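Letters are used for the chains, namely A, B, C and D, taken in the order the chains are written, and counting of residues starts over at 1 for each.
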Amino acid sequence: MHEIAIFGAGRIGSVHAANIAAHSMCNLAGIVDPDFEAADRLAGAYGTEVRSADSVFGDVDIEAVFIVSATDTHADLIEVAARAGKQIFCEKPVDLSVARVKDCLAVVDTAGVQIMVGFNRRFDPDFSELRKRIHVGEIGTLELLSIISKDPVPPSLKIAEASGGLFRDMTIHDFDMVRFLLGEEPIAVSVTASCQVDSAIGALSDVDTAVVSLRSASGKLAVIVNSRRATYGYDQRIEAHGSNGMLSVGNRAESSLVRADADGITGSKPLYFFLERYALAYRAELDCFLEGLESGKMQAPNGVDGLAALVLAEAAVESLAAGREVKLD
Amino acid sequence: MHEIAIFGAGRIGSVHAANIAAHSMCNLAGIVDPDFEAADRLAGAYGTEVRSADSVFGDVDIEAVFIVSATDTHADLIEVAARAGKQIFCEKPVDLSVARVKDCLAVVDTAGVQIMVGFNRRFDPDFSELRKRIHVGEIGTLELLSIISKDPVPPSLKIAEASGGLFRDMTIHDFDMVRFLLGEEPIAVSVTASCQVDSAIGALSDVDTAVVSLRSASGKLAVIVNSRRATYGYDQRIEAHGSNGMLSVGNRAESSLVRADADGITGSKPLYFFLERYALAYRAELDCFLEGLESGKMQAPNGVDGLAALVLAEAAVESLAAGREVKLD
Amino acid sequence: MHEIAIFGAGRIGSVHAANIAAHSMCNLAGIVDPDFEAADRLAGAYGTEVRSADSVFGDVDIEAVFIVSATDTHADLIEVAARAGKQIFCEKPVDLSVARVKDCLAVVDTAGVQIMVGFNRRFDPDFSELRKRIHVGEIGTLELLSIISKDPVPPSLKIAEASGGLFRDMTIHDFDMVRFLLGEEPIAVSVTASCQVDSAIGALSDVDTAVVSLRSASGKLAVIVNSRRATYGYDQRIEAHGSNGMLSVGNRAESSLVRADADGITGSKPLYFFLERYALAYRAELDCFLEGLESGKMQAPNGVDGLAALVLAEAAVESLAAGREVKLD
Amino acid sequence: MHEIAIFGAGRIGSVHAANIAAHSMCNLAGIVDPDFEAADRLAGAYGTEVRSADSVFGDVDIEAVFIVSATDTHADLIEVAARAGKQIFCEKPVDLSVARVKDCLAVVDTAGVQIMVGFNRRFDPDFSELRKRIHVGEIGTLELLSIISKDPVPPSLKIAEASGGLFRDMTIHDFDMVRFLLGEEPIAVSVTASCQVDSAIGALSDVDTAVVSLRSASGKLAVIVNSRRATYGYDQRIEAHGSNGMLSVGNRAESSLVRADADGITGSKPLYFFLERYALAYRAELDCFLEGLESGKMQAPNGVDGLAALVLAEAAVESLAAGREVKLD
């Protein structure tokens, strides 16, 4: 049994707590959160206890930590955890600064521990099947990837302010999907974007609607279409176009009921948001982490993947500001 | 914690064992099966032990039993269990004989215990949602129910022989769905059927392809279309047609991937068979059983429902033999 | 150029007039209708003239007549036309009485002319493609045919009274489709039906909702599901289930626009009724008739097909009344 | 009756000839083409005659000309036609040079005749319905337009050489759709593109796979995804995302047949190419032109629209070369 403690008792912390508690290969060894009440509620729900950070890091029985707290705490916690010899799962992003992420990963490296970054979409059954089928050549040579990725509702102002902006907060998942599926690293990023959904986002010099184009060395293209609001729910679709055909993954509906009446033929909306759409993915993500613990070799997405997606996000920010394509080294 | 023992370590026994073991409100208290090896394997997988029937019935800590063994053992086990004061879950059918089922339910009644019959499809999220939406009047007055229900492959000869025939074995689920959804009891059954899939089935004087029509007192109609083989997988669809529109539930696909190429636009097949399609339903069925234990009031489908579906199956057998509509009392 | 006159200036007469007028191989030689105003309107629209029946039958330049007038005039007109040596297209049904149809076809035979009966659905591109693909063995051996056939609105009382009832008026098209697709003649018919849509229909001792099952000598099954009302439009779907798979034809939507919003994912309704859904079929039907004129060999559906479908309709009437399966000779 | 002559007896000339010949409001007054054989074939098919350009321009009975010849002949023919007082329909593009188009439109203006440019997609029933529904506010404020536009096969080398490149030849249609649907003029264009389909295209310094992003003054975004090859047929889809929902138009399938078998659930491909997909659009386009003749006021798309789309294409060429967003005045 792998003993795992969680830092962060919020919405996503609850998801991980439930999965860890239910998994036959691991044990939920405690919850850490400055908000004691939240930590206590979550600990109570899964029969574990509230712990202090020090108590977790000092406990030799705890093998791994899930860092799913506020973004600005990730890097510090990773470094302390690494020095304490803990294996690490960290929600994206590792940090909002590329430099800080590099430092942080160096510490992890030195400590000889492993880190997995929570790019949950890689573990969605449809997307991982998509990758498999692209890679076995089902559509010949992949030429063009289209990712539609829209949230149902914009973030609160507070969350938007701390988010690092659309590209570091939301598009970062799509950047990771491009890297996951394209089979080559992007070498150039180009952005067209605006603020149309919520003027408060614009007041932060941020955007809420964007088209991001990417290009690989061999000329493969990818396009990401983002909006911070889709009244019909979480819109998460991918099309992979190749020399021999196209593979696409659509949204997953809340139910398969369809009503036909005088107003038309109406099916249900997509699952509401990431907690619903990626419920299976979060479970498979934990499986992957546990396999990494067992084998001593963490499969992607690791720290390097976390860094690479952030580098693309920074390039997007720069492209928007400069009105030109930004090349990556 | 409700202590529950399982009679039957076969395929469906494994499903129930997994759900009981994982549920926070009950405990898996043992597996009973004449095939010791199978029982041992299953017990081992979920950290419980192989028990004898006597030991289960004599154990006052065991509150309930799941009877999911061979059909011809159901009635006897139900009676013994009832007399031992156990709450009972029984897979369909209770028995292949209407008379035997009536006797059996009388014993249950006398013993003052409750029985739930495993009509799993009622617990499918889409079908239960369908019922709710019919009943709130979303399509006005329900007039016509169409149930398409086909298995991916015919049963083995051995299973077919013991099954009681298509109507008692397979259509019985659809009869229950008619009762579940129609809002009125069927008063007449009419069958057109033949043996086209497997001549071995015909040699048993059984059929493998059937159209069954039903009628309620007020004139509501239902039609069930059955085949013992669908090369594209388990075909489980329902359409409810009413005065203000139609509600339909389609199959659930193995994945949402779609390939477009020179051969056309190809999506994945429906989930393969009942274990896959009704995985969620089996879990919700257990929830319902546990609620019945908690409240002391077992919600349908109970013994009466098990009997009613069997009566419809007998009427179907009679209709096929006589070439006419059979009326129910 | 084949000169063709039309008897009947109603809705369906207008469809045929438009197609004949636009076709490069024929010429619209006149309209006959006791309602002079209607005839005049139609003649004017397509640059032809109102004619009397005698003038048409006596005109040696007129090679063929389209009999698309009221049902109770069909048989008489066919006989006169046949005796006048005209080639005949007649809307279904030839007559509501099997005996009368037989007499009528004998006259046609004696006269040595040809007759085509307007089973328009055979000429729907999807249904004719369906037949082709069944017949080349794409789904192995055909075992089971499901036809869903619902009108958007019930007929007016006047039309219902003259219609001969649901089976002779509406189901007759579906009976023809069964014969068209099944590859074997039905030998037994079984009906479950009721009046749920309009009590005025029930007052005529007619039904408006029905399930009709058919069986061929080798055991192939077909089921027809009828309703006189579908609030979402004309519902015309067919599923053909075979030993190697299933082929299905769905409804054709008014447009391909789909709206996604907080209420769900809504596509447009099926095309409203037969004029819209079978517009292409009526054109292809004319092509077939003209080919029959050219080749001297009328392809099905001919008079025998018209008779066979009516025989099935009579069997359905009898099955409903007797509450049993009716066998055909 | 409007007398119309056609310049150009190629594939698209045949489409227009058929529509003009069949239309009740106009007459096909002759075919002009340096390839006499092609002209003769087409004239013969529709009962008209081969004419010289001079004879057409000098014929006072001819009111309008359809210029559907090779692109490099358009501008000259437009000018001569305008000076001869003919009303003009011209296939896109008017010319490959913005300067030449401006000169040409000045001549048209001076001559006081009208010109319509053949942006056929505006007349597709689904796309014109889409526009209507966007404009009545069905999805609130339009924020983001996604156009997927892929040809089934790349052009021949000869055609590619004369085409003016992907943006002037193929994307120009999509630029027009952006202008047609967005409700605001684009003010900036940004391109990411490569040659992946056919290296012969790359040898012409052209691209065959592209992502084009556009932005309007108020921040509305549009993205066009192009490929010169889609093995599954002509891919023509549009999504319009607004503050209250999304409207989308999908491909139209060759048939509505669906096969379910052990390989999955397979529907037919989209209609093969523009002649098939836009058959209805070409007819509606002619209606619009004739209404322009009748009313004396040509509705869009006119010469200004032809110019505006070409300006966007030039901006795309520049953006690709410069690696930056190009702003329009």
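Following the convention adopted for this analysis, contacts are C-beta pairs under 8 Å (C-beta built on N, C-alpha and C of every residue); 3 or more make two chains touch, one makes a residue touch a chain.
Only a predicted model underlies this, so the values are computations on that prediction, with no experimental measurement involved.
For chain D, the chain with the farthest CA centroid is B.
Chain pairs C-D and B-C differ in how many C-beta pairs are in contact, and the one with more is B-C.
Inter-chain spacing, taken between the CA centroids of chain A and chain C, is 58 Å.
A straight line joining the Cα centres of chain B and chain C is 42 Å long.
Within chain A, residues 230-232, 244-246, 260-262 each touch two or more of the remaining chains. Residues of chain A that touch chain D in their complex: 141, 143-144, 146, 148, 150, 188, 190, 192-197, 209-211, 213-215, 219-221, 223, 225, 227, 229-232, 235, 241, 243-246, 322-325.
Residues 22, 125-126, 129-130, 133, 138-139, 244-252, 255-262 of chain B are the ones touching chain A in the complex.
By the touch criterion given at the top, residues 230-232, 253, 260-269 of chain C touch chain A in their complex.
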